[in-house]
């Protein structure tokens, strides 16, 4: 697993801990709703994570997309499916999504070791 | 079928015709890529349309969401699945998505005749 | 109270009921966090509602802004304070916020009867 | 000139007056900077208005786009040039810009009487 | 004061100087309106800076948020108040704001030395 | 040519290659429409690139703006013209565009060697 993936996960973990240590009920609730959202329901987690990847990509969030790429891989979505989900984000949000697609694919490459880490 | 659905479809159809009558290759291509995007691939159209609904909802587009709700219904997604897809949009984009969720559910209601048209 | 305010409140109330009648826990939770957010805390509700007005205005949400304008008026913020809060939204989000400022002021006018309803 | 154009201009004029009557220096300054922005400089007003049309279209502002379409027509840009400027907005912001392109072309049609008003 | 805070302030200062050295009246005016916006008025600077923090957080701006966190601290807002202001941004803009909340809290930590700098 | 410009171009080139190597027709098409968009038409490439710079700046894309700054310089737009195009982005998108303007000017400086590379 590449350096980018490791640093990303570490910063994320450390700051989540720090934020949840604050005495703020609203923030805690938003974090817990987030967890609830992706549980199996009428749609399985696997599909929900593809939705959870496409939505922040059109909002061009370089942090949310890698996280959900990781979740998609863990839930068994193939590279082809992940690329198709991202292609929909590209068509809805178009060329201003391209730079984020570059970062997302670089992350996916590291995650799946398709390419030596930088 | 309610008045809102009919007017929406009619305005959409009329203006698409008008836009495609312009002599502008770039616009024509973007429209044709849009069609290509939702065809069966590694992901089936049914899943792609759920992705196509979630993405514009976080961008709070009152026109795109109804269109893709229509496509989801046509491709056999149940109301529960559509609500779950929209709940992900709600969690990614949160409370500023609520007004658009109201319009989307009003549209879904008309479309499925769960409620008499206004 | 003008027609615009009445219709806005009525549509909002009716669709909230409809949405909360759905069997979707995620959506219900997001609605309940929303209520919690504006309760007195380190910051009083009055200040929180000014924050709750500025935030969706920069996102150019014509539904959220009127709702929070109503809350600001109810919590005792003067017109001058509301205009200053909106001026910050204008400076952060600038001229593309102007059309939404027009709608917001029209709504504020109806709400406070400073102007005969259209 | 169609009904949509007339109502749009009238609401805009009336609310601008109302907003500038408020005792808020920040708002007045933002309005005056806006006027300054489109004056001839290194780039002529004609080009600046094309930039002023493309920018809010990617932000999907149904009020800003019509205003700048009007300015582009007044400053002598042809329909082809206006369509090309909007095609760039379409490519940068993609398919979620399409609904706004529909409204923009409907407005342009009314403005130039290419079509009988609705 | 941590390294991140120092580098942020230095880059900001250096580029502002560079931008204001350009011969462009529009840019200079926008900068000066920005300064005017946060002066005491019907709302005190302290409240305005909380508004000035919430607004760019929903727009997910990693540069604006740290700057206004600094201003909030300087104007005497407690950590609890700053967290509440950010929780409103979180609820309005939801989970796609979380990554920016992480960066903001990391910055606040450095600023207040609650944590050793990285 | 500064280090930032070089790294930016290299990452961009490498990831574009990687993305186009994927077997995804939708993504390939979006990339090819992007190329078509900026070709001479009713508007010359030079003007189109100014539009192509303003549009992503209001969307606050730190990757798109540098690319189009490079294209504007290559197509013969002066620094004054580029600054005016960016000032329109600043007025449409306002103060939340300022941080991106800082990055854009730093990039423009490196590109034109007006300043020693960092």
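Each chain gets a letter, A, B, C, D, E and F, in the order it is written, and its residues are counted from 1.
The rule we apply is simple: a contact is a pair of C-beta atoms (placed from the backbone, for glycine too) under 8 Å apart; a residue touches a chain by one contact, two chains touch by 3 or more.
In this text, all values refer to a predicted model and were calculated from it rather than measured experimentally.
The interface with the greater number of C-beta contacts, when A-C is set against A-E, is A-E. Looking for a copy of the D-E interface in A-F, C-D or B-F, one arrives at B-F, which has over half of the same contact pairs by residue number. The two sequence copies subunit A and subunit F touch through a face in which the numbers common to both fall below half of the numbers used overall. Copies subunit C and subunit D of the same sequence differ in orientation by 120 degrees, per CA superposition (steps of 5). Separating the CA-averaged centres of subunit D and subunit F is a span of 23 Å. Per-chain CA centroids place subunit B at a distance of 26 Å from subunit C. The multi-chain contact residues of subunit E, meaning those touching 2 or more other chains, are 26, 30, 33-34, 37, 55-56, 58-59, 64, 80, 83-84, 87-88, 90-96. Across the interface of their complex, subunit E is touched by residues 60, 80, 83-84, 86-88, 90-91, 94-96, 98-99, 101-103, 105-106, 109, 115 of subunit F. Interface residues of subunit C facing subunit A in the complex, by the touch rule stated above, are 25-26, 29-30, 33, 36-37. Across the complex, subunit C is touched by residues 30, 33-34, 37-38, 41-43, 47-48, 50-52, 54-59, 64, 78, 80-81, 83-85, 87-89, 91-94 of subunit E. Residue ranges on subunit A touching subunit E, taken from their complex, read 11-12, 15-16, 18-19, 22-24, 26-27, 30-31, 34, 55-56, 59, 61-64.
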